[in-house]
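Okay, got some structures for you below.
Consider the two complexes below, in which subunit A is the common component and subunit B and subunit C are the respective partners.
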Partner chain A sequence: MSTTSGLVGRIADADLTYVLAMLAGVYALYLAAGLALGFDARGLLNSVAVVTFYVAVFAMLALALNLHWGYTGLFNIGVVGFMAVGIYTMALVSKPVLGSGGSAAQVGGLGLPIWVGMIAGMAAAALLGLVVALPALRLRADYLAIVTIAMSEIVRFTLLSRTFQSFGLFGRTVGLGGGSGLILDFQSPLAALVGTLGLEGAYAGLVGLVGTVVAQNPRAVVDQFVYGLLLLVFVAGFYWLLKRAGESPFGRVLKAIREDEQVAGALGKDTDRFKIKSFMLGCALMGLVGVLWFMPQGAITPNTYRPRLTFFVWIALIIGGAGSNTGSVLGGGVFAALLFQGPLYFKNLVDRAVDISNAPGSFGPAVAPLLGAGDPVPFLLYTVDSVRQLQLVLMGVVLIVLMHRRPEGLLGHREETAATVPLTRRVAGEDDEPESQATAADGGQR
Partner chain B sequence: MSEGVEERATTGALGADGPADLAAEPLRVDGLEKQFGGITAVDGATFGVERGTLTGLIGPNGAGKSTTFNLVTGVHRPDAGQVTFAGEDITGMDPHRIARKGLVRTFQIARELGGMTVMENMMLAPQRQSGEALWRSVTPGLRPRVRREESDLVEQVWDTLDFFDIEHLAEEEAGGLSGGQRKLLELARALLTDPDVLLLDEPFAGVNPTLERRLLDQIHALRERGYTFLLVEHDMDLIMEQCEHVIVMHQGRILTQGSPAEVRSNEAVVEAYLGGEV
Partner chain C sequence: MGIAETYSRGRRLATQNPVGVVVAATAVVLTLDLLGALATGGVAVSRVGRLVWDGLMRGLVIGLAGIGLSMTYSILGFANFAHGDYTTSGAFAGWAATYLLAGLGRADVGSLLLVGAGGSVFGAQLGIGVVATPLAVLAGLLTAGAAAVVLALAVDRVVFRPLRGESGIALLITSIGVAFALRNLLQFVFGPARRGTTDAGAVPDVEIPLADGAVTVGAHDITLLVVASGLMLGVHALLQRTKLGKAMRAMSDNRDLARVTGIPTERVVTATWVIGAALTGAAGYVLVLWKGTMTFNDGWLLLLLIFAAVILGGIGSIYGAIVGGLVIGLTASLAAVWIPASFARAAAFVVMIVVLLVRPTGIFGGRSTA
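The block that comes next holds the complex of A and B.
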């Protein structure tokens, strides 16, 4: 957000307020839960850092999917495939060459810098998007859905296959690692970034400062926290890019395609080109999120990239409201904090209040007392203990309730006008507004 | 009403540069054929549309009028025959390329873009908008140029809304308009593409008499400015009253064509409309 002023500025700030309020609410909730669980400073910092991470990645994924579905009406249910291609390509490019250093990795990479790998990951995801889009975009929307989900499974099976476990590329032994996955034995991306910026001294100072509160290994906590904040910067970048793309003649054609592709064609718009551009851009962004999410994890395995991840992103987008960029960020945040991470915290809270370690191990012992003696406690304990499995049920219930009560999501009802300038009639004597003001222009002005 | 129209028209409110100076017969269709499965929808249609005229294409239901429209505008690819526009063969071209050449259509059932405002609908239409390139719209140094272009377009769009007397609807969602208002919006939007020839598919279907009068006034005003119109209609009286040239289709063929008087006196036409053997 650049400096803004006037009515337009206030509305843009209102959007920023929504997002900040969402973040503040999430943090308050997590800090309260952390205090109730008796976390120390380290635990509190950690829980905030972790939830920031997930809020950020889901916000970014929802934003990218909003470009596909909310703007262009492209039914992409292969999100996870593009993420996998992003991180695997990045790993292939940026992993150190086999045999160099003391890595235990079975396969190497090309040994190029991390940022080269990130760009390569985005490019590969965009190219895969092009390959998928070329045959499928000419068909009806539901065929694109079939093609994308099939693609995401093909990607996963390719990553699992022994054929590509290890192969030669530019004279290097590289590979996808097969079922055992890849060890991401490149330099920590955060350390690399800090090093590039020449901020090692400042960073060490920060670690030292946190060390006064967190006794053991403060560096890990700081790393996690700073990475989360860095991801929030990426969210802002995504938002900036997609807002500008949406509020422009380009975005207007995308919206027209969503509404009625034949009409857009009859008005002289090459709809296939616009669809391909929109699709490739969204796929590149999904690839980037794949990189950002899994890059700091140390290792990746193919079975992380199951379709369920795609549907998580869809739930986030539906909560926020398809069509609204601000809504996508909110939806991503709410989904990550309450539905993705929330149940585990809930379980821990209950565990702290009442010991559930003696919860029944299976359904039979859990239900028998309820039916026999009318004692609900074992059943409730069992339910809480199985929260991880019930998480999906909970998400399904939320989805059904939303579809029934509020299909437009949190902000989907609000139109974000697709133009770079306000579409109101110019009043005589009023000059063009400065650029900074209009880039923040927003449909909420009506 | 018509005086007001003239006044605005002379201020250059519409399209970027008005209709281009075309040949005497900008649109020519030769031996057009189209089959769907075993059914021959269009069977050797041949006709031309003269510049600056209001030409009517009539015929009973199922005569092949709409299919002919779809063949001319590239929605369907003809099995045989040729479509020539401004001296160029446009047979089988993609719809958007045909529209860019200046041959623009409207739809039988008004197809407003419901989830967009009237203003957004209208802003979509102008051709060659530099901001339609993604990189120009997002790159910081280039966006101001897009904004300037859009500011100019906004003014042009407001003038066009004035011309059609729908400026009070500018901020409405197009999906909430009445049937007649949608027809107006569609015609206004088509005009903003800066066409030379407009193909209107039943522009008066479901429109009340007052609005029909208004639409006709506007079409005539535009025709006088040099726009060429081809109307599909099955209201015979309306076509006979308004058009200089009438083409009658029946069972995929051109039954006859000529001035309204000539067509009216043609026995085959009467029989086709009354359902007799031809």
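The block that comes next holds the complex of A and C.
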């Protein structure tokens, strides 16, 4: 037994090492970039906090998607729809009642505590998952893909429409705000958490401590930093939950469905039920990430939730490798740090070295000097200035190259031992010993 | 006896296919509702006429672009998410040609080739229209088709051919990468702004009187109608008269068997890309001509509707794609009679989802490629 736990411990340690190494690499890169940009302490702290935030949200999204695609084989390209439902429901429940306080918001909410809103957001996302899953799970993977992306667009159209801009619910005037979006005028979630835990004093102390290095408004920096760290705790929670779920009998059935649904069905498993449960759990987690990501933003607008966000998560998952939780975290981190935030930092770096404020406004003036006088400078300036578009081109190219060269990603589809006994170092004499051992070894994954 | 039989048959139908019955009932109720509203004057006849005409135009574009998607879907076995961006790429290439021919000497060549990126030159200023500058429009249409073909073949050579034989999902994910790269490259080169491409005020039109109003039919509507139906008939003839259609059917059924019987599979794949891309590029061009504006994500926004049409008609069937396109176009347009216009596209998606549930093989399912 001790060897088993030793083995498990070793694997977990290796995985933890990967994740920590990734985080350390990302921080080193960003600190180096920050120093090169000549940031002060505030700027350095800020850039680390921001990258932590994005690493955490993409890691969580990739983990949730991994449950769908990596474990169950459900091709969901409607991720952003579930996120939008999560945050909008949360806003609906937790925004203060219309007219209370001096808020400029056009519509109110139900005025319930933030944690109630978070749970409601997860429940709503899971419910939408059920509505999508009930009919669609019997379809082929590519049909499910089209249904889910159509669903996420229907969600966006609903949020955009004037019909649901404002309506009555339980005697309160609430609404989705239409095209202009919603102002999230509830209490800062971090302040609420700190208050609930009774840590105001300690937090004020921390702000004061940071205030010795950061002169102006240290509170904003600390808030951002602490929120990022909090999200990393959520990542750990997601990881633990999905690892437990994946190693449980439930998770073994999911993997069986992924490999061959008919076999799983022939073994007496009600595969539809398992698929629906897995889909709903993943959707609830996506809804939670939607809440965690957009809750501190102050305002939300429907057009944030375009399908491109879904594809970001897919790129993260494919970088990390579908089927591996650790891979999902790594993929989320690498995607967020290098592809999502990296190009913007690169632009800032260049901007620091050469002034790009006089970059040409469009392609024509950028390329004319290159063709005419062989002067590449305007074109290069335009290229750096258009980094937001080129970053998406880069993502597309990365996706293509990954599918060509390494479709399994960094850590995809590792053999995950489902047996309760070590399967390595089987001595020949031991082979015919206990029958039960062999059964246990086969009963799991395959 | 007769009544009892009919009743029992109806009952059997209802228990075997409850969703189908609900769908049929909904369709009947909606039709009766529309007829009632028309009779009582709740909805103006001319408004419905205008919506039908608008839906027909959209439907033709969706159907035309859908033929290519449907063909590659059935023969290569994957949903090509880059198809919408082939449409946009073709449209930009075609409009560059039109601008160049219509505006040569009146603006500098660079601005014309970039379709007036950055507001350097406008379509209205060049007086572009099918009546005013017919040659420029024709040249643009041909260029659009040709450019989309070149692009599709190049992408296939570099990206999709090495993955031939991989699962449809791997190819689908790859095509998402292609779509991302293409769309944003277009934005990089042609800029993000939506631009007017035609001299919309100078396009002649006729008012066709209809009961309580009129339906306006412009020269660009007619152009779209002629180009789309002409190309559709052309493809029909091509696939009926040549062995290509048969080879395509054979390939979509079983690739290995097709190869064993001596069908040059790679040549068929190339032909598929050529036909599909030419049609989708032309569709993108006439869409822009008809709308009078264009931007870099036109095709991407159209893509889901094209998918809806293709699934509705049944993957692999070109007639299915055409009929599906018309149904989707009319749905998206006519939905505005019952629900707020902001849900029009949502209604089209709902129709697609319902068809997937009731009849996953599509209306023309089982009969693939011509």
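In this text, the second predicted complex is superposed on the first by the 410 of 446 C-alpha atoms of A that agree within 3 Å, B and C clash if a C-alpha of one lies under 4 Å from a C-alpha of the other, contacts with A are read in each partner's own complex, and residues count from 1 in each chain.
Here is the rule we use: contacts are C-beta pairs under 8 Å (C-beta built on N, C-alpha and C of every residue); 3 or more make two chains touch, one makes a residue touch a chain.
It should be emphasised that the depicted structure is a prediction, and the values quoted were computed from it without experimental measurement.
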A:135 touches, of subunit B and subunit C: first, second, both or neither? second
Which superposed partner A:395 touches (first subunit B, second subunit C, both, neither): second
Partner chain(s) touched by A:375 [first = subunit B, second = subunit C, both, neither]: neither
Contacts of A:200 with subunit B and subunit C, given as first, second, both or neither: neither
Which of subunit B and subunit C A:355 touches, first, second, both or neither: neither
Sites on subunit A touched by subunit B in the complex: 241, 244-245, 248-253, 255-256, 258-260, 262-271, 274, 277, 281, 323, 415, 417-421, 423-426, 432, 435, 438-439, 446
Residues of subunit B defined as touching subunit A within the complex: 73, 75, 94-97, 99-100, 104-107, 111, 113-117, 119-120, 123-125, 127, 129-134, 137-138, 143-144, 146-148, 150-151, 154-155, 157-158, 170-171, 173, 189-190, 193
Subunit C contact footprint on subunit A (complex, rising order): 75, 135-136, 139-143, 145-147, 149-151, 153-154, 157-158, 160-163, 308, 311, 314, 318, 361-365, 367-368, 386, 389-390, 392-393, 395-400, 403-404, 407
Partner subunit A, residues of subunit C touching it in the complex: 78-79, 110-111, 114, 117-118, 120, 159, 162-163, 166, 168-170, 172-174, 176-185, 187-192, 304, 307-308, 311, 340, 342-343, 345-346, 349-350, 352-353, 356-357, 360
